[in-house]
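Below you'll find the structure I mean.
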Amino acid sequence: MKKLINSPDDVVADALVGIAAAHPQLRVDHEHRIVYRGDTPRQNKVGLVSGGGSGHEPLHGGFVGAGMLDAACAGEVFTSPTPDQMQEATKVVDGGAGVLHIIKNYTGDVMNFEMAAEMAAEESGVTVETVVTNDDVAVQDSLYTAGRRGVGITVFVEKIAGAAAEQGMDLATVAALARRVNESGRSMGVALTSCTVPAAGKPTFELPEDEMEIGVGIHGEPGRHRVPLASASEIAQQLVEPILADLDFTGDTIVMLNGMGGSPLLELYLMYGEVKNLLDRAGVTVARSLVGNYITSLEMAGCSVTLLRADDELLTLWDAPVNTPGLRWGV
Amino acid sequence: MKKLINSPDDVVADALVGIAAAHPQLRVDHEHRIVYRGDTPRQNKVGLVSGGGSGHEPLHGGFVGAGMLDAACAGEVFTSPTPDQMQEATKVVDGGAGVLHIIKNYTGDVMNFEMAAEMAAEESGVTVETVVTNDDVAVQDSLYTAGRRGVGITVFVEKIAGAAAEQGMDLATVAALARRVNESGRSMGVALTSCTVPAAGKPTFELPEDEMEIGVGIHGEPGRHRVPLASASEIAQQLVEPILADLDFTGDTIVMLNGMGGSPLLELYLMYGEVKNLLDRAGVTVARSLVGNYITSLEMAGCSVTLLRADDELLTLWDAPVNTPGLRWGV
Amino acid sequence: MVAEAQGATLGQLRVWIDSFHTLVAEQKAYLTELDSAIGDADHGINMSRGMNAVAAKLDVSSPSTIGELFKTVGMTLVSTVGGASGPLYGTFFLRIGTSAGDVEELDGSGLGTALQAALDGVLARGKAQVGDKTMIDALTSAVEAFRGAVQGGSSIADAASQAQDAAERGRDSTTPLTARKGRASYLGERSIGHLDPGAVSTALLFTALAKALA
Amino acid sequence: MVAEAQGATLGQLRVWIDSFHTLVAEQKAYLTELDSAIGDADHGINMSRGMNAVAAKLDVSSPSTIGELFKTVGMTLVSTVGGASGPLYGTFFLRIGTSAGDVEELDGSGLGTALQAALDGVLARGKAQVGDKTMIDALTSAVEAFRGAVQGGSSIADAASQAQDAAERGRDSTTPLTARKGRASYLGERSIGHLDPGAVSTALLFTALAKALA
């Protein structure tokens, strides 16, 4: 395991020290492992709290700031944070307009946030709404699974709900928008290599030199199939086709070509070229795009594609100013 | 070799297709492999042209845009572009105020840009000034070497000279500023793993599981020494000490903790925490900071530290608006 | 020694926690290994982080009632584990604490009631059923065996020992199942043939109980 | 056959380029391997990209003079190779072209003058000296040998063959040297014990010349 760390147990705590040092406009609660917007709570603005296991940076801490999240709770690597972290964040960011919890659909995350919402309602009377993202088409969504995993769409939910909250919309409206974004988005990923959880000390899975995992999860969960390594254009097809088969994306879309953390930006642009080409041919109109590392899986080589159907309202909220370490424009 | 590519020979051309698709505000000349600002040439603005081998993204193409570069010439992976590319870019971006070439100090880059400047002066009469960056303290600067390599400071030169040009300063002033930034900056990097040049198909160097290369170059060039893998805090020391030993950095500085491409952002933040701690103890004042992948070496795991002595003039130019794929604020 | 044979004392239940801590520490790598086959390779890491925190907590606070003991254990797990096992094991112990209340001893039926409350809590939290290939499979069979034994007149020690056996049977029953809850469910039929890590840690929990009450 | 023995024709010089192309293609992996030891593992890739482009270019444009031939070769290398070798080899051929001018044949002394001009151009471009462990080491000794042989009355074929030998000696002389120019100079003393890749490709260039003029 080759990592820039001190000890596997201290990775998250040490990284938070660096985040605090690098971004004086943010406030970091090291005890609870929460990254806050420096000016939170804002009176009468809906507070946005997200969080999850660490190792997906910039998600979520890198999306804290004006126009996006008020707080992000950092769990251990790939392990959801605990209810008391989320409860604390919920109390702190509430400016009287209630708080939206943005949760990726994983059993642990859902249960921990659920307990947090119960505790927050009980102890401090903060009204909490919840959106659970579940956009990963690699997973069958059925009674027989924990449901689809929340992946790339989470970035879009945080951006768009963040803009809505910044504009003063109320909790119900912000939550409804967040749910609409989730329902209008789909993702699919691929891994060329595994990631290595520091505490585990070895790769999460073995992937032979000539194979790749189509449909991989952001924690290295297995995907739909393990197949021979293919060209970028074939990989693009294997990512885009299941997405287009799952939801109708004719009309305006926002597209993200996301790196898993270990693939060079050069390759991500190359992949985006292939994806864009397929979308053009399928009659999908790309209104906005993002190419880069936004929701990662430590040092995994690979990428994912996220598509969001976007009407004028969503595009306007997408274009609204945002000032976070990971996403910034208009300010 | 596990890469998201079609064929090793097409990597750069294919990636440029993706860059063009992802950034409609840029203009890509696919024949000459040049990324342009959409609104270049701008009358009476000094044109900024940079370029170099590909594989260091976002440098240079990701730094094209308002407040930074007018054009970036993309060479093959790790191979400097050719004079005719640079000559073409020079002609296109000249708005009558002359053109600054920003070159990293590598024999190939220097010679190719030199030929380009000769050709540009001969054929089109464009006045060209040149700054050659050489900030890598890992290399001994002497008559017996090709001189120090240009690395992280190049990002700062492009940002600050870009802001100066945007504000209407003349060629001599912009060039002098660019040289001052270069002379006021120092860098040092470390590799935990090698990178793999697509056309070569195998890692550039072998690095045993328990070793790292201190002072590595951005093309995988060997550094000062190969030593046992150490903790983040020890690595930070091995990067910061040679920098501080080379130039006095007491006073305001701009600091970059740059990822080599394959290290997760989580680790880069962790490293930044360690670096910041050392700088605090050494009496170095961090006025601004950047943490992330800015000048990479394909999928190499590792990082580099760049320090720049910054007075009020440089800080003001640093803070000036910039709108590029890789660096954006104030707009 | 009639009193000891009839009930579980605060001290014995504290021993339960301590020996669960020890077993988790011993089996940390094994639990993680199991989780790497059908999950995300952290169950041992999660449980041992939590039980280390519990041990540290109990070292400084000395709960004087059974209710307090288990609420401390539950809260500590909830606030240090995260993941799926944090809320599940946390809820388990919190519910035992609430059910037991401010007492220093629980008889067999009282402990049975507390265990049932704990199981119900875990079922409500995780919404899994028996057969979904989760810790519920081991937990349900252990709690049923314990309560059945107590009702049938067994001593609390015997009941705990039967619960251990039942937990191990429940644990082993997960191997041929297809996971329908938690991360392993993403694997669908590829989860067949593997033990569920949470069921394995739950079996350790009842091994520890049997030991503590023996 | 007196004419052929005295001068190098346009056709022969075209063969020089073609057989250099062939040799570079054959030795591509070896040149890259050498560059991976003390450089950045691309010299073979660079040279073969360039010579492929030259071959493609010459296929469509048929230069009718020696000056045109070498200017085409030089410009193509300059505009397709990049790196250090692009400007260096590019300058080399451009200077031959300029020195030769609009002729269809060069005698030994004319070719010698052209080679010297080429060497001077490469020296000016790269600012290396003999002993810096670069292509200059092979090039200088080859050009000196060629000119010396012509002056001493050798046929152009003999002179080329002596130049090949000298290039190979110059190439081999790079092994014990410490690099002082180019990427290898970053290695300092660690560059000792390796052949310089550019000196090796330069030796191929003179192998090709000797073949073409034989």
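All chains are identified by letter, namely A, B, C and D, in their written order; residue positions are counted from 1 within each chain.
Keep this in mind: a residue touches a chain if its C-beta (ideal position, glycine included) is under 8 Å from a C-beta of that chain, and two chains touch if they have at least 3 such contacts.
Keep in mind the model is a prediction, meaning the values are calculated, not measured.
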Separate pieces, if any, that appear once chain B is removed in thought: A, C | D
| item | value |
| --- | --- |
| Identity of the chain that, by mean CA position, is farthest from chain A | D |
| Rounded Å distance, chain B centre to chain C centre (Cα mean) | 55 |
| For chain A paired with chain B, centre-to-centre distance based on mean C-alpha positions, whole Å | 29 |
| Inter-centroid spacing, chain C versus chain A (mean Cα positions, whole Å) | 33 |
| Interface hub residues of chain B, defined as touching at least two other chains | none |
| Two or more partner chains touched - positions in chain C | none |
| Arrangement of touching chains [line / ring / star / complete / other] | line |
| Chain-chain contacts as defined at top | A-B, A-C, B-D |
| Partner chain A, residues of chain C touching it in the complex | 32, 36, 40-42, 45-46, 49, 78-88, 90, 125-126, 178, 180-183, 185-188, 190 |
| Contacting residues of chain A [partner chain B, same complex] | 2-7, 11-12, 14-22, 54-55, 57-58, 62, 77, 192-193, 209, 212, 229, 231-233, 235, 257, 261-274, 276-277, 286, 289, 291, 293, 296, 298-299, 301-303, 325, 328-331 |
| Interface residues, chain B side, partner chain D - complex | 53, 75-76, 78-85, 106-108, 111-112, 114-115, 139-140, 143-146, 149, 197, 199-200, 204-205, 217, 219-222 |
